[in-house]
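One chain, chain A, links the two complexes that follow: it is found with chain B in the first and with chain C in the second.
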Partner chain A sequence: MMKIKNNDTNKTYLSYIVVPVLFFVLYYLIQTKTINMYWRNIILICGINGVVAMSLNLINGITGQSCLGQAGFMSVGAYVSAMLTKNVFKPYMTDTFQTYALFVAALIIGGLAAGLIGFLIGLPSLRLRGDYLAIITLGFGEMIRVMWRVVPAAGRAKGINSIPKVTNFVSVYIIVFLVMLIFRNFTKSSYGRSCIAVRENELAGETMGINTTAAKIRAFVFAAIVAGIGGGLYSHLMTFINPDTFNSAKSTDYVLYLYTGGVGSFSSALLGAIIFTIIPEILRFMGEWRLVVYPLVLILTMIYRPKGLFGKHEFGFMRFGEKENEYEKEENAGILMLISKAVKSLLNGKKEKTRKEAQ
Partner chain B sequence: MNNIIQLLIYGLQLGSVYALVSLGYTMVYGIVRLINSAHGDYLMLGAYTAFYVSLLNGNNLILCLLGAMIASGLIAMLSDQLAFKPVREQPKFSSLVTALGVSLFIQNLSRALPFIGPIPKPFPTLITKKLYNILDITVSSTQILMIIIALILLFLLTYIVNNTKIGRAMRAVSLDRDASALMGVDINKTITITFFIGGFLAGAGGVFYGIMYPTIDVSIGSLLGNKAFIAAVIGGIGNLNGAMIGGILMGVIEIFATSINADIGFGVFYLILIIILIFKPAGLFGKLTNEKV
Partner chain C sequence: MLEVNHLTVKYGAIRGVDDISFTVNKGEIVTLIGANGAGKTSTLRAISGLNKIAQGSSIKLNGEEIGNIAPHKIVEKGICHVPEGRRIFYTMSVRENLMMGNYIHGMSDFPKKLERVYSLFPRLKERDKQLGGTLSGGEQQMLAIARAMVTGGDMVLFDEPSMGLAPLIIRDIFSIIKELQCEGKTILLIEQNANMALSIADRAYVLENGRIVLSGPAAEVKADKQVQRSYLGA
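This part shows the complex of A and B:
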């Protein structure tokens, strides 16, 4: 039988335990080489894609704008931080501490540079909405790519190679965690609330005294900073970037991660990025056909589950451990809920059976 | 001076291709308010159809053109029925995402199919090239023929939209879908035919692309489609004349920009797009609809 629990006071701390446990398990497996280098890199790319997908969710999911140029922001972070570490910081990267301190500094500067670009791209969002905004962000993304093709310091079409390989599991995990933490707190703050107001009804929000202009710009800048940090991690993992790495197909990938995962939820965006980075790798035996599978998944998701595979759910951690009320749970249910429901009903069925047998 | 006129002719040639493709974008957007990013991929499939028709029947321009156009049209119709129709009632952005998915799907599927494959294929020479010299300006038969065929298609389309029953239905649906449904217009049929016509023109664009740049591969559609789409937006998306003029304009501008620096050719597109969208958000000929409260 189900117990009726008091929703107001009970908190679930499960995900607070999951985060460190997952870290130590993966760290152990990587250290002992149980997970080989290939899969280690895939795990890192999962994390990086997760960071960028979450930043896209801030614009598309929380603020309700339409952005299709996330790879552009990412490329700014990737290029700026790579140029910094390669040309300026490399002689000082002597011991572990200095290396990582400078790496973090490069990431932050790259992120800020991307934030500046995000500010520029955010400006037209004040005048345009919907489809037109989507086009112009796509346009800006491509413009940035063309810019890297022309700038001599960025190596033109050749790109930058032999970037120091400093991205490792620990740094990616910590940054994914920090980004989640920051986004959680941002969404719960009054800034985040004003972004949600813009999404739900811009006009009504404005009449309630919310500065919608500031909210939109803030979302764009903030998302660009985070995507730029993701780009910095990417360039220091791959050690080689060129302008075509960040083409519009990459932006499309992030849209795909976000919308198949579940737009409006950071945890779904992260899960979507992880799943859809791993699936093509698992399906490698299918050759070219593996790439057919995942646009198909996207189309089917849009037709049959428009709120995404994982729904609008947040992890317990993203909700400050608070339990969702039953109504929201039903409303936002994702595939995980369906599975857990099915498992529960199976278990309950078994329990009832055993009870009957006992009687 | 001669140089400029020479570039202008190249620009017109390229622009006529853009005009054909951007018309499809504009028509679909006008009727279902959907940015169909898969439109470029209809073009790519059209080019491949022409390739196979020419393998079977020899280099016959008319036959290849018809085959490509009908194939692209049918694929456009099919994609509408299978993917876009179910999401039509959902929020706008989800149909945009679906279109992105369809585009990726078509590209990756054709890359996986054994008879298309990832390796670029040489496009047959459908028009025997003759060069004419007029006052130091070289004009080839290909250019003349392409521009003429494009103009014929454009006039045909204008005729269909303005003077036939289905054209009137299309205009009615793009003005007010609910009202035209009440007046007895079959909405679904109109949308399907619009998709067909859009694909039809894209097929012609695909063949022309193959004639101009004689290697075709799977990704030609997304690049050309992107450019044509920008041309449509610049002309004012939803407006037929705007798409034609925008297409030709962008073709000319691209040729001039590329003659200055090969790398900025594509960047110029986006630069003009951004400038126009910022100062005239509805494009050159479009009308901006205000948000109703």
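This part shows the complex of A and C:
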């Protein structure tokens, strides 16, 4: 669907500048070792988690289905691409160019394999919705995990080790950016609109000539492909994977990143993944207590920000630079609006106090 | 234009609609009236493909059987359904809602359609950017109708457009339905508000427990003693 031009809103290009600036700043800091290897890896994991959380947002946030098996899709991408690079591509990975060309090829093939699995899981989603679908996807996710335990080529329970370590900051950053770009365009396209129609009101969508079944399957396949690519990045960062890396707790993690960030928005999913990947690391100084404090942070987030930390607010970049109008702002409830509201109420409170004192 | 023969809709063992037959001719407003649970909505949903029809049922649009094809294909054949309870997209703006209505046509003719719809519903134009969920009930119903007009199609099915609305707004909405008829659309209308429906309809069918108990020109149905007692409160 083409975009109708709104001439009355002037565009914001802030985030178009932020993307390259952030890249060069982080790149410089990593190159000069200001950010050590430990934090570099955390940044990369943030990015990878962000990719998978964004893919989950396509199913849970945009299409309104519930999927609890994202780690399953991720594992397909991780295993397939790792098997490819380790067993097939390794002899050809001689210079930088070839290494990354083959790495990208492996990522894409891994993603497509995950997409195929996504298609298989998408099929039952024709009939089921809500909790039932969640249980099916949970089951499928576990099934995939157990499948790796019995496939000899995947190393059974031992997993795959000494995968070439080719994931680096540049590749993660570019893929995060590309994934956002693709999701942005997808959401604005007629495919994305049909997914949103399914979320908002499936029946109304049908009465408008939208093939809701196709929309749901499309969302599942597409999300699985992206999650598979995220998995590929993960395996080539860790250089070691085994089936238990992708258990249902990992799926739950992605659901958590998405809902604490703000379901329905790709930017919030990314930010949620980043923040809630970093928090456990920051809390490391408290030892075992971290496992108490971290869930507490989550609980408090859900109590005080049920829409997620950032709500449905999208980066300007994800809105094609268009400004949100006041109604959308209210609905999206970004954190900035929350802060401005809090400041306002604080000021009003002060005024009332002084008024009362005057009386 | 629309020909329904021996239509039966089953909910498990229950027959929500039990072997009914009726026709809607081109350019007519036909209304189905009846109490709650008489099978009105089931009939409408069956026509637009949302409900499965039982064997032996037949729904023909311009002579073509449409009984067993998917809802989105029926829309492409030119039947547009304004569902019960408005069913607008709450977190989309008014304009986006209308854009969704144009889904099957692409975007090329949208600005023209938008202009036309906005001239019919100036209230919606004022609320162009407002989210659907923040509109009042009447505005939501207008949006639902406007959206159906954008979707187009020669035949429009209305499912209780007056539900939960103030009398003044109901009058507006019925005058728009009448206007649609003047534009050459064929309308099948379902109503609880039998008085209003019979006053604009050409012909009427009265449903009771999934069966048609009375049919004829709207004026005759309106004059029927039984109908007056049951539905018109006379």
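What we mean here is this: the second predicted complex is superposed on the first by the 329 of 359 C-alpha atoms of A that agree within 3 Å, B and C clash if a C-alpha of one lies under 4 Å from a C-alpha of the other, contacts with A are read in each partner's own complex, and residues count from 1 in each chain.
Please note the rule applied: a contact is a pair of C-beta atoms (placed from the backbone, for glycine too) under 8 Å apart; a residue touches a chain by one contact, two chains touch by 3 or more.
Given the structure is predicted, the values throughout are model-derived calculations rather than measurements.
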**OP:** For A:R193, select first, second, both or neither according to whether it touches chain B, chain C, the two together, or no partner.
**Re:** second
Original post:
Of the two partner chains, chain B (first) and chain C (second), which one does A:P124 touch, if any: first, second, both, or neither?
Top reply: first
Original post:
Looking at chain A, does chain C or chain B touch more of its residues?
Top reply: B
**OP:** Considering only the touch criterion stated at the top, classify A:S15 as touching first (chain B), second (chain C), both, or neither.
**Re:** neither
**OP:** Once the structures are superposed on A, label A:L203 by its partner contacts, choosing first (chain B), second (chain C), both or neither.
**Re:** both
**OP:** Pick one for A:V255: touches chain B only (first), chain C only (second), both, or neither.
**Re:** first
Original post:
Of the two partner chains, chain B (first) and chain C (second), which one does A:V150 touch, if any: first, second, both, or neither?
Top reply: first
Original post:
Considering each complex separately, which residues of chain A are in contact with chain B in the first and with chain C in the second?
Top reply: 203
Original post:
Hey, which residues of chain C end up touching chain A in the complex?
Top reply: 48-50, 70-72, 75-76, 80-83, 87-93, 95, 99-101, 103-104, 106-108, 110-111, 129-131, 133-134, 147-148, 151
Original post:
Which of the residues in chain A end up touching chain B in this complex?
Top reply: 60, 66, 124, 127-132, 134-136, 139-140, 142-143, 146-147, 149-150, 156-157, 203, 248-249, 252, 255-256, 259, 287-289, 291-292, 294-296, 298-299, 302-303, 306
Original post:
Which of the residues in chain B end up touching chain A in this complex?
Top reply: 29, 33, 35, 83, 86-87, 90-98, 100-105, 108-109, 111-112, 118, 222, 226, 229-230, 233, 261, 263-264, 266-267, 270-271, 273-274, 277-278, 281, 291, 293
**OP:** Please give the residue numbers of chain A that touch chain C in the complex, ascending.
**Re:** 1-2, 4, 190, 193-194, 196-197, 200-201, 203-212, 312, 325, 327-328, 331
